Amino acid sequence: MGTVRLLSDEEVSAEALAVFEDIRTVRGTDFINNFWRALAHDPALLKATWERLKEVMAPGALDPLVKEMIYVAVSSTNGCEYCIHSHTAAARAKGMNEQMYGELLAVIGMANQTNAIVSALQVPVDDAFREE
Amino acid sequence: MGTVRLLSDEEVSAEALAVFEDIRTVRGTDFINNFWRALAHDPALLKATWERLKEVMAPGALDPLVKEMIYVAVSSTNGCEYCIHSHTAAARAKGMNEQMYGELLAVIGMANQTNAIVSALQVPVDDAFREE
Amino acid sequence: MGTVRLLSDEEVSAEALAVFEDIRTVRGTDFINNFWRALAHDPALLKATWERLKEVMAPGALDPLVKEMIYVAVSSTNGCEYCIHSHTAAARAKGMNEQMYGELLAVIGMANQTNAIVSALQVPVDDAFREE
Amino acid sequence: MGTVRLLSDEEVSAEALAVFEDIRTVRGTDFINNFWRALAHDPALLKATWERLKEVMAPGALDPLVKEMIYVAVSSTNGCEYCIHSHTAAARAKGMNEQMYGELLAVIGMANQTNAIVSALQVPVDDAFREE
Amino acid sequence: MGTVRLLSDEEVSAEALAVFEDIRTVRGTDFINNFWRALAHDPALLKATWERLKEVMAPGALDPLVKEMIYVAVSSTNGCEYCIHSHTAAARAKGMNEQMYGELLAVIGMANQTNAIVSALQVPVDDAFREE
Amino acid sequence: MGTVRLLSDEEVSAEALAVFEDIRTVRGTDFINNFWRALAHDPALLKATWERLKEVMAPGALDPLVKEMIYVAVSSTNGCEYCIHSHTAAARAKGMNEQMYGELLAVIGMANQTNAIVSALQVPVDDAFREE
């Protein structure tokens, strides 16, 4: 259905399998979702993407749930079906309840609305908003 | 510079001025940023946009800072210069420090990267991610 | 300021100059806007773009003003500063008044808002909307 | 299939049901399309979205068919499958014939084409196009 | 499934059929893909689109495989499912191997990532990059 | 002008300065463009972005010029002013002549045009294009 076949554990290279094992360890589950099985055709790209994702989405100054909601907002704006589903599921697993989800949707909608209106009007940026 | 002239308090209609006054009260400042001065050409659109924004961005299940960071993420994905500047300034005013900002940038970058790769691969959504 | 220099009438090739002359004739003005002066570096691209634009934007089942407003809507969604300015000016020249402009902005904003919310929710298309 | 289950009339809150009833009255049909059944998980978001959509899409300085075509143009640019289907169906119901649809497609294609080329060239905006 | 029915050879106009025949001749295959069968509802749009595509994608200063990869990059950024599938298939038919595809994906991902980060930071363009 | 101040060599951390030195070595120039000076506020993000960019853009199955043109195509589709200027300059430095540039523009325009038309028509993907 995609542009490449999804690879099973038996079909991937040793380098790709090592990435799968790290995903399993970090996430505490045996489940490897389709994105990684598609990327496994290029073990170097798989590894670079996973290593960076693991680092970026780890707890830090922002908590992981906030990061997942930001991910959903970007993915919804880009219309990426797969990413919307996977990161909405991840946000829920990390504690996003229905009220939070409703507010997330409202902000995503509002931001896209005003982005388009501001763009249409080509409003000049206020000096007050610029970095000094 | 925009497609319409920015209107001063003296030039706007009574309906638009009432919206300006509400913005001033809610935000606790006399400053009206350019977006509202451009929208004031259509008082009904000005009023509807402000009323909705006020409601959507108010504290709720998500705190206002998280909402501002989501707004920045959407605006950066859409490339809306004005919105990026105004909402980055708002996020900072609400407590976003440099470490939080760095992580926000990293998530925005990662989400746009994987959105594009997933899109290129047309990865089918895992059943596990779908709503039951 | 752009990635190529804008070419004057004296600098362009004979093929490009012929396109400039056709633009002047069709539009009834001596003015050649910057887009064409930038495209003139590649006379074949200039000619193909102008010939197609001339045909697409001509009066037909949709009137030229409606076409210009659709152009503004697309350009605002894409955030194309140049196109927003040039087609908003063209829409005004063809009769778009302030009330029409306000409604255009409202529809652009609403469409971008619901596009993003629908995208976030991944709402399945109703059978009733599909072509039979 | 979406990120939330579609809710039946029996499952929604009283507030959401009142919105459904208003949709039925305004549109003169018993049919409630999936977007509203998905939004009904958050009755306040449902109500705010419907109230605004009803106002924005009502007859005004622009006729409803023109508004629907602008909606299709934005939705096609954003690649929103659901919105494209629902608003193309709505445009047809309001009188868009095949010739009008063909011209709409041509303008959408042309605008996206020149937006991208202008963007690549970073053409500076002509002074003549700017608001004085 | 689309917004229009796909037309068979028997259903299209003589003008559309002539375009189908030219597609068959140029591509050396009897196969007409769905895009053209959908466009055939508007023979003039079909003809204009095909004539231009044929010219743009022909061998020139850039070879056809490079052009197909650029097409895949744009389509992935826009999230156009149909275009991603058709142009990825075309790129493969013209010699894109798995290593080239992996690198194409990596560049698409990197470009979308840095586009978003640069956009969020609103980095001013270096004078050194501007056309003199 | 951006959302952060550009940092001079004297202002950045030791970790960031080491990245600047690597950029200088790899590129064979003392010049550090603004993107890196903005990213230097977050040395870890600076380092991760540069390390990945260096790897992705290096010669491989695709030559560096092709990669730069793909980067320009993505950046133009996203409307990223900074990225368009920096990667167009890079493509020229790597040998892109005016004829190649004209063809690149034509493909970018064509792809964005057909993406939008296909999207509007919601053309179903041909079985022939899907991965077996």
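For clarity, chains are labelled A, B, C, D, E and F in written order, and residue numbers in each chain start from 1.
As a convention for this text, contacts are C-beta pairs under 8 Å (C-beta built on N, C-alpha and C of every residue); 3 or more make two chains touch, one makes a residue touch a chain.
Just so we're on the same page, UniProt names per chain: A, B, C, D, E, F = Carboxymuconolactone decarboxylase family protein.
None of these values were measured; they are calculated from a predicted model.
Undergrad: Spelling it out: a chain qualifies if it touches chain B and also touches chain C; which chains qualify?
TA: A, D, E, F
Undergrad: By that same contact rule, can you tell me which chains touch chain C and chain D alike?
TA: A, B, E, F
Undergrad: Going by C-alpha centroids, which chain is farthest from chain F? Tell me that one.
TA: D
Undergrad: For the homomeric pair chain A and chain F, should the interface be classed as same or different, according to whether the shared residue numbers exceed half of all numbers used?
TA: same
Undergrad: Report the inter-centroid distance (CA atoms only) between chain B and chain D in whole Å.
TA: 21
Undergrad: With chain centres taken as the means of their Cα atoms, state the distance from chain A to chain C in Å.
TA: The mean C-alpha positions of chain A and chain C differ by 34 Å.
Undergrad: Mind pulling the residue numbers of chain D that touch at least two other chains?
TA: Counting only residues that touch two or more other chains, chain D contributes 1-4, 45, 48-49, 52, 74, 77-81, 84-85, 88, 99, 102, 104-106, 108-117, 119-122, 130.
Undergrad: Which of line, ring, star, complete and other names the graph you get from chains that touch?
TA: Graph shape, chains as nodes and touching pairs as edges: complete.
Undergrad: Considering only the defined contacts, which chain F positions touch chain C in the complex?
TA: Its residues touching chain C are 79, 84-85, 88, 98-99, 101-102, 105-106, 109, 116.
Undergrad: Using the touch rule from the top, collect the residues of chain D that touch chain C in their complex.
TA: 1-4, 6, 31, 33-35, 38-39, 45, 49, 52-53, 56-57, 60-62, 66-67, 69-71, 73-75, 77-78, 80-83, 85-89, 97, 99-100, 102-104, 106-126, 128-130
Undergrad: Provide the residue numbers of chain F that touch chain D in the complex, in ascending order.
TA: 72, 76-77, 79, 81, 84-85, 88, 104-105, 108-117, 119-122
Undergrad: Given the complex with chain D, which residues does chain E contribute to the contact?
TA: My answer: residues 3, 41-42, 44-45, 48-49, 74, 78-80.
Undergrad: Across the complex, what residues on chain B touch chain D?
TA: Those residues of chain B that touch chain D are 1-5, 48, 52, 55, 130-132.
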